[in-house]
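Dumping the structure here so I can ask a few things about it.
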Amino acid sequence: MKRIAVLTSGGDAPGMNAAIRAVVRKGIYDGLEVYGINYGYAGMVAGDFRRLTIDDVGDTISRGGTILYSARYPEFAKLEGQLKGIEQLKKFGIDGLIVIGGDGSYRGGAALTKLGFPTIGIPGTIDNDIPGTDYTLGFDTAINTVLESVDRIRDTATSHIRTFVVEVMGRNAGDIALWTGIGSGAESIVIPEKEFTMEEVVAEIQEGRARGKKHTIIMLAEGVMSGNEFAEKLSKFEEFHTRVTVLGHVQRGGSPSAKDRVLGSIFGYNAVKMLEEGKGGICVGIKGDEVVFNDIIDTLENQKHLPLLSLYQINKEISF
Amino acid sequence: MKRIAVLTSGGDAPGMNAAIRAVVRKGIYDGLEVYGINYGYAGMVAGDFRRLTIDDVGDTISRGGTILYSARYPEFAKLEGQLKGIEQLKKFGIDGLIVIGGDGSYRGGAALTKLGFPTIGIPGTIDNDIPGTDYTLGFDTAINTVLESVDRIRDTATSHIRTFVVEVMGRNAGDIALWTGIGSGAESIVIPEKEFTMEEVVAEIQEGRARGKKHTIIMLAEGVMSGNEFAEKLSKFEEFHTRVTVLGHVQRGGSPSAKDRVLGSIFGYNAVKMLEEGKGGICVGIKGDEVVFNDIIDTLENQKHLPLLSLYQINKEISF
Amino acid sequence: MKRIAVLTSGGDAPGMNAAIRAVVRKGIYDGLEVYGINYGYAGMVAGDFRRLTIDDVGDTISRGGTILYSARYPEFAKLEGQLKGIEQLKKFGIDGLIVIGGDGSYRGGAALTKLGFPTIGIPGTIDNDIPGTDYTLGFDTAINTVLESVDRIRDTATSHIRTFVVEVMGRNAGDIALWTGIGSGAESIVIPEKEFTMEEVVAEIQEGRARGKKHTIIMLAEGVMSGNEFAEKLSKFEEFHTRVTVLGHVQRGGSPSAKDRVLGSIFGYNAVKMLEEGKGGICVGIKGDEVVFNDIIDTLENQKHLPLLSLYQINKEISF
Amino acid sequence: MKRIAVLTSGGDAPGMNAAIRAVVRKGIYDGLEVYGINYGYAGMVAGDFRRLTIDDVGDTISRGGTILYSARYPEFAKLEGQLKGIEQLKKFGIDGLIVIGGDGSYRGGAALTKLGFPTIGIPGTIDNDIPGTDYTLGFDTAINTVLESVDRIRDTATSHIRTFVVEVMGRNAGDIALWTGIGSGAESIVIPEKEFTMEEVVAEIQEGRARGKKHTIIMLAEGVMSGNEFAEKLSKFEEFHTRVTVLGHVQRGGSPSAKDRVLGSIFGYNAVKMLEEGKGGICVGIKGDEVVFNDIIDTLENQKHLPLLSLYQINKEISF
């Protein structure tokens, strides 16, 4: 192992730069050359490689986004793209690859490993929806970002009855809505993993009103429906004076939290170690405080991410 | 002057608590009794008064919202409501009133003064749209809040072409969009005070793209149209991969900025002094670093708020 | 079990209010009456109890500090104080107690349980130095607070050679220094758990300088020595143009992070459940994503907290 | 005017990058070439110049510090250094210069203008101590940074009597202590512009204690004495359980506030216009919302900066 490469793929997430920095510095510490590939798998196929030095990652641990840019590149699902990618990797003399991203990135990494190119996956997405790890890079920052916004909404005290619907990210996973629902004391949490009816939500609002509540906050995962759609459905029941907040890409950015910086550093450091030990087809994760190493293919095929659903019940009993 | 009262009215704004605190403490320092009226003019008519002590305003200078709650109460435009209000003020032995809020609050204060009840106005609204002052309470905090969000959006770097439309508050005034447009380096600022055509905006985006820009950020004052409407109009021209962020009430909340705390303190302190000097029908404001005192009625009828439109031109030349 | 009480003890920590809120709301949800005891064990002995309603904990989840105030009360180590405490608990008809705090609080809780009064402990301290749990309430917020400050120090770019010594909390535990050292890319981390010599630190600075580094940041746990003492020792070797930052109590405050709010909610909720199940002498903790329940006395006597020392080695290899 | 240059000098301040960005973009918009000089006057003399493009200032408006680095360079007070500087400026074909910084930077700019090289000054220092402008770049960010820290200190509620001494920057000017004193409700503000005795401060603390206050916060400008020295003097009178916080360089960094970004943009834009109009020896400033242009030499020699001392009296009456 003399030369390794790293890329970020899929939606970007705070903490990716911490992981890139750790890969670069651990690699250089151990005498390796480290290359960055811009724009994920698209850049790999296009040959968009560059040598990374310690200076390139200076002052990046505190920055949101990814200095390697990120891209979705569905074409990499096909063998043709994968072979072209390996060709480029070989052209640049790369011996091992680290990919930081979500499902799609893992799938690409699994394919490369099958084709004989050792690849290690690092879970990076704000959605927290990757199996094989308790937490993904970016999730902790994203929930803190959402909470800052919801705290501001709570500040707004008026005599009017108001219902705030806060649409947060999470196409398939309710983790963000769940954690920020607990953290903001939201009266309702609506996530893809839990069946619900509008009638139930309406009943919860009405019960709160009956007990004297003026504000109701509903955390809604975008995967269920959009905030506007939800507000419209609510309005069919009663005039709830609903206001919709759509944080959108605000949730993806920002300086990474302490946890995401530490996680990124741990992941990056251990991914390099894996490559140095001659391993490939592995994804790094964290379980409790333990770093874990899983087979990428097994993780994708046989494991499933589940949010901490106990939070859902706790919220019912403490934020009614 | 033995007993004074203070209320907040209209949309709440960060810094209102700093002003209330200054009224209470300056009043008590001078030997007055200070009452708070909950829920603005509605609470006045309803007799919702309470004596405020130093403890009541402890630890409030750093809090968003208003500890006196706020309400819109259009009924106060009528003489009947005003007379009822004065009746309540007299019942509680109040000799002078301080109202914190926007246009509507000022109008109420002017009416009370005309009816013989000395009232002083303090400009409090995040929109900055009150004549007679350079700045209103809450504006500085709101633009900092918006910028934090737009900074996060900027972090999100991808290879995709993206256009972000950020809808900010401002029904009649473009101040928030203007200042945050400059502060975020937004490529376009769309405000009610400046005519524009979608063609112009489209041309600006296309020119940026031609020069290699990937991201375009458009700051849009809600008074022009909604973010979703704007995005739809954009899409008629070309696929700009537009994402809409609607910050909504997030902009109203949050711990007040240094400036809003200091302004609130100056305003509250001077409003009490005005009452002590036997004045009424006055609104306090700031011009540069000077506290100014204007006639409320003259301010409402003859003065007009204009945002710092020079910023619009500056932005054209430095954020093209 | 009809009536329970909750107190906070020792140094306050962000997230304590989230735990109090969860205790109150979960208790009320289950039909219990919940009392708060002000000023920890001192207030218990003095009989400073008050009934807590849902309103009392409204809008507290986002607040730093503790609404029950906290106090150190070494006198509670003696039997006399403990008996007086139980007397007061009985006078108010309390059937079970929840204490939130550090070592001292646990010791008090263990003593009460031994005397027959069921008590549950919740780990609350920014230092993270309680055995039986991966994390204590307040730690996550504290490390984020420290990192914000260190990020600001990093911003300051000058041509001068500078060495920044940042003294952080941690009398016996290096957790804060360790996590924020990784998170800020600090060149050196100095903690009580790791032997070090000034010569080594000086060598690290000099090596960095030799490679062209201008800034050096040293994270120092206060338990090792004070920042000023450290700076003076450094100056014996060479003029390092050292600047000392002592964050002090800044680290204890602030709105709790997402994680501390969720942890507080989980801990509070489960502590009530323990009491309802008739248990006492238990401390609640978190291991990975699992809530764990340990015997308080066993935890105090036989378990030991160790920071994640693997971070120390990782930092050596990625922030040299 | 074909080619202009810009440098930052003295202590760095948030908003400097916004000013550099405006200079670069306004210059390029008008068809000029813009050069950056690294490390202030030291870099000028050493010939450390580089062409700046729009890309170089991309994403810098939100960054603290200065991308041109800054340096103190007392040697530039001598004619020899100035002549060498002009030689370098001519070698690079520069027709006009913009310097961003404090007193020293202005003095350098005045000297260059006297020697025939047109130079414009922009006030940039967190201390706010430059005559000819209400505000300097960086001041608004710094006071917000300080307030965040003091808010956190206030959160810490205990039953113990505590006195917090917060040492803030300001060698000759009390602006930071004054504004943050008001903004945090500090019981005492100690600044170089106001005589004081320890006896008075002690009396203020004791009066607060007598009225039931537990916490006392004292904002101390470093120009008066150090926090530790102040604490020691306090302890001669009585045991006040004093805790000292020294924020140090934390105050210089951080993402600039909305105001500093807008001010930086206005200053940079207008400085370029001045050069284009053939002017030199001018410093740009803000009075109220008006941009003002003063003669640098007159400003240095005949004008004096005074903080808003009315705040001192206001604080006495509202934060006793």
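When the chains are written out, they are named A, B, C and D in that same order, and each has its own residue count from 1.
Keep this in mind: a contact is a pair of C-beta atoms (placed from the backbone, for glycine too) under 8 Å apart; a residue touches a chain by one contact, two chains touch by 3 or more.
In UniProt terms, the chains line up like this: A, B, C, D = ATP-dependent 6-phosphofructokinase.
As the structure is a prediction and not an experimental result, all values here were calculated from the model.
As a whole-number value, the distance joining the C-alpha centres of subunit B and subunit C reads 39 Å. With centres set at the average Cα position, the gap from subunit C to subunit D is 36 Å.
In this assembly, the C-alpha centroid of subunit A lies 28 Å from the C-alpha centroid of subunit C. Residue positions 151, 154 of subunit C are each in touch with at least two other chains.
If the chains shown are joined wherever they touch, the resulting network closes on itself as one ring, and no chain has more or fewer than two partners. Every pair of chains meeting the touch criterion is listed here: A-B, A-C, B-D, C-D. The part of subunit B that touches subunit D in the complex is made up of residues 21-22, 25-26, 29-30, 59, 61-62, 134, 140, 143-144, 146-147, 151, 154, 179-180, 182-185, 211, 255, 257-259, 261-262, 265-266, 268-269, 287-289, 308, 310-311, 314-315, 317-320.
The residues of subunit B lying in touch with subunit A in their complex are 11-12, 14, 39-40, 42-43, 63-66, 69-72, 145, 148-149, 151-160, 164, 228, 243-254.
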